[in-house]
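Report on one structure; see the data block that follows.
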Amino acid sequence: MLRSWLYRLDTKASPYLYILPFFALFAALSAFPLLYTGWVSLHDWSLLEDEHAFLGAANYLTLLADPAFWNALFNTVSILVLSTVPQLLLALLLAHLLSGRLRGQTFWRLSLLLPNLTSVAAVAIIFGQLFGRDYGLVNWVLGVFGAGQIDWAAGTASSHAAISAMVIWRWTGYNALIYLAAMQAVPQSLHEAAIIDGASSLQRLRKITIPAIRPTIIFTVIVSTIGGMQMFAEPLLFGGGQPGGGNDHQFQTLTLYLFEAGFGRFDLGFASATAWVMFALVLVAAAVNYLLIRRIRST
Amino acid sequence: MRLQRGLLVPLLLLAVTACGGGTSGSGGTTPAASGAAGGGAKTKIVIGTFNDFGYQSLYQEYEKAHPEIDIVERVAAAEEHHRRVATNLATGKGAADIEAIEEGWIGQFKANPDKFHNLTELGADKLASQWPEWKWKTSQSKDGRQLGLGTDVGGLAMCYRTDLFAKAGLPTDREQVSRLWSTWDGYIETGKKFAAAKLPKTAFFDGPIVMYRAILGQAPTGLYATDDTVVVETNPEVRAAFDKTIEAIGAGLSAKITAWSADWNAGFQRGSFATIACPAWMMAYIQEQAKNAAGKWDIAAIPGGTGNWGGSFLTLPKQGKNPEAAFALASWLTAPEQQAKVFRAKGNFPSTNKLYSDPVITDFVNPFFNDAPVGKIFSQSVATMNAQYLGPKAGDINTAINNALTRVEQGKQTPDEAWNQAMTEVKKIL
Amino acid sequence: MDLTLARVRHARRRVRRPGRLAYLTLAAVAFFSAFPLYYSVVVGSLDNSALGQVPPPVLPGPNLLSNIQRVFATVPFDLALLNTAVVAGAITFSQILSSTLAGFAFAKLRFRGRNGLYLGVVATMMVPTQLGIIPLYMMMAEIGWIDTLYAVIAPSLVSAFGVFFMAQYLSGAIPGELIEAARVDGCTTFGLFWRVILPLARPAAAVLGMLTFMNAWNDFFWPLVVLSPENPTVQVALSTVSSGYSVDYSFVLAATTVGTLPLLVVAAVFGRQIIQGIMHGALKG
């Protein structure tokens, strides 16, 4: 009697104990800032002043009427697509290569981590150097092949490409490692059977590995989408630390737009409204992604 | 809105103990405590600066003379520094005893003067005559509170490459060069002669940003009227500075390089451009970026007369615990003797009147710039200056106009389109 | 020599062992991955003028040690390294623990409100972090944690990313039958967690730990806000080093090299373990 009662208690109640540490800490340290941000967004709230007049939805209306906001949204989505798709495909391929029997396994795997190990300060300096118009290494290489000099920061397409290159460089190994961990759980026997059937390496990737690690793929797509919607460090560094995103805001992402309002103009109310709109947009983007991937699964 | 400490602290304690508090707890205290407890019986004064104020040796000197004082400096890049100060003031925690604030930001902080000590109450009125009136007033709020003591000023001159001028068949002597361009029209004419020599990969000036700022800095009124109304559209001087810069670009004289970019840094060394308007602090920048180009750069007078760009103030946020001790240090650091030392070591040009005729400044020559008498050049530039009034958002407005100039330079827009877009952006900033 | 037999053998080998193309790809990736790090060492060992040169210098110069000495003389870098190790270690430990616990519950346990709460976790990842800074700062100020390591550690103790990651991994890697079998054997939930889940979660926990540690080590935005240069983390110290009207890049890159070195050592030492952990998990799964 007691035993079965204890058992029921264990199965019904204990799950909450497992999620408690996360939610308790989250409530204490993240929920308050979030809600507070919502409160701030309804006010004319300058960081430099003590009086904050209530505005209602005015910040939100100003935001939605601002062409610069829509421009930032376009840039964000453009860079997101340009960086995430090649990055995840490449990561998948790399993880697949690395899950085979290679000489120097540890070396190759660790080399994937290097971009993420590299300090942001170094990344800023070196990529700034690589993409310089006059003395940048990339243009120098292009010049060797007879191409003209590209002013990377000046154009919309070229700046998006350069920033995407930075993102791909920094995060491909990270995702490859996540895939690799998931691939270890795929039973080796499946691969062996496929090899006996004469399947090529790429066929095995498509037919066995990808279906088997689908939850992880969904995970990385969603995380990359969320990360991409909040892209901050790379465009900021590319713009020399200025949140404006170029002379025509051609690579100003949403987070830079938010940052410019909050910490450039110290308009915290407007920046908070931006944060909440971004939250909604990210939610939509993640949902769209999730549905897309589910459809791919069902077909 | 305040936090309810009663609820939060136990929650956090619970949280910490639930997740291996031993690690974070014991590890967290040790290094933190060492930072706080170091002072002992000494009075600790924290000073927040940005970039390079050149104060290191002065702190030691001061601590030697005042053994009871322990000075700690926080340094950050300019934008980070001002962002932090704004955050600290807004949240009421974390500001240093003394915070340096640059001219471009002081307007924003002046809008809320209650966050700072009124320095006249600490005795600053006796010191006021050290500075030119405009420098003194720049850190004074509308209600007459004195927020800051001036450190350096910008002043304006023109830096140029003697080697490139020689190749282009132009005079290289600084007196002769100065005579080529008493006005900006003369500067553009000289530029056309320079361009006619068709030196490979070399333009006459770097790009629009520095030139526009220099021209605007010479006008009696800039972006703001003294009552803080924005006059960008009504003050013809702003559009004139814009148009003059466009004219120089149109004549094909610009290297089309964005200021403070990697190409700009490399350009100083490689001679991508032959001239650049030089506020005093730019000298240090060029010396750092173009170490191998020593002796190739020289300094002449700026076209269009005197003007200012840059310079900072030391302020005392109300949060500081030792206003008297902090004021003593701040006034000592900004006293003429100390400003002279900083200039000779770093090149930041003093903001105090009496130095402009003092041989300690006027006799100073800079070997990197061909032994140019930089002390004399900048003294002349600054002594006669009556700097324009800078409003709260001057920095952001200039960024919008800089972007417009760059768009024109890159052929994205006509001057009028670019100007109109900039004006739209300015309205958003306000 | 029988030609057909040789061809079959060759084909078989190609299937089993990755070919040259694979190694070439990996070598290219390794090259690009390592380049900025290597280039930091090169420029950090030369002087400032090295950066603008085309073609760029490829070999280190003689100034690395003197530049590094300058770094230690300019900022309290030893304290920064210690602080960062404490911060990154605490954050990593806490995140692995809380994420594995919650990930297990979400992936393998049934309870009322599970789906809603799980969605909540995913949704919290979507909150733009940049703006939480002001309220979070006020909170830290209220508790009196400004300028202490607590303020850096506390906001990162848990991560929705970690929970999501572990839950997704565990739901894929651990078959339901295994759970049922353990239940039939009379395992309590904790027994299940301890005996079944923890060993199987090792590869994912190792990867999560490594990624968390790296990110904690390289995080600069928040530490910059709450810490002062007197009590910095590595990235705060680096930002002090790289401040200045005129930035001496060789100096900064020498500093970033020193700041990254411990992380490289950690990756090299623990990386082997992690990769063995991955292999270990593979054998069992």
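We call the chains A, B and C, going by the order they appear; numbering starts again at 1 in every chain.
In this text, a contact is a pair of C-beta atoms (placed from the backbone, for glycine too) under 8 Å apart; a residue touches a chain by one contact, two chains touch by 3 or more.
Not measured: the values here are computed from a predicted model.
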Task: Pair with more cross-chain C-beta pairs in contact, given A-B and B-C - done: B-C
- [ ] If we define chain centres by averaging CA atoms, which chain lands farthest from subunit C? Would you check?
- [x] B
Task: Mean-CA-position distance for subunit C and subunit A (Å) - done: 15
Open item on the list: Rounded to a whole Å, what is the gap between the Cα centroids of subunit B and subunit C?
Closed with: 38
- [ ] Would you give the residues of subunit C that are in contact with at least 2 other chains, written as numbers and ranges?
- [x] 51-52, 97-98, 133-134, 139, 154, 157-158, 239, 242
Task: Sites on subunit B at which at least two other chains make contact - done: 3, 8, 12, 15, 19, 77, 87, 90, 262, 266, 270
- [ ] Enumerate the residues of subunit A that touch no fewer than two other chains.
- [x] 21, 25, 32, 36, 47, 129, 135
Task: Of all residues in subunit B, those that touch subunit C in their complex - done: 2-3, 5, 8-9, 12, 15-16, 19-20, 23-24, 27-29, 31-32, 34-36, 46, 50-52, 72-78, 80-81, 84, 87, 90-94, 262, 265-266, 269-270, 281, 284-292
Task: subunit A residues within the subunit B interface of the complex - done: 20-21, 24-25, 27-28, 32, 36, 39, 47-50, 66, 68, 128-129, 132-136, 151, 153-154, 240-242, 244, 246-248, 263-266
TODO: Report the residues of subunit A in contact with subunit C in the complex, numbered from low to high.
DONE: 10-12, 14-16, 18-19, 21-23, 25-26, 29-30, 32-34, 36-37, 40, 47, 93-94, 97-98, 100-102, 105-123, 125-127, 129, 135, 137, 140, 169, 172-174, 177-178, 180-182, 184-188, 195, 200-201, 212-216, 218-219, 222-223, 226, 229-230, 232, 254-255, 258-259, 262, 268, 271-272, 274-275, 278-279, 282-283, 286
Task: subunit B partner contacts - residues on subunit C that touch it in the complex - done: 47-49, 51-52, 79, 82-83, 86, 89-90, 93-94, 97-98, 133-134, 137-139, 141-143, 146-150, 153-154, 157-158, 224-225, 228-231, 239-240, 242-248
Open item on the list: Per the contact definition, I'd like the list of subunit B residues that touch subunit A in the complex.
Closed with: 1, 3, 8, 11-12, 14-15, 18-19, 77, 79, 83, 86-87, 89-90, 108-109, 111-112, 114, 201, 256-258, 260-263, 266-267, 270, 272, 393, 396, 399, 402-404, 406-407, 410, 412, 425, 428-429
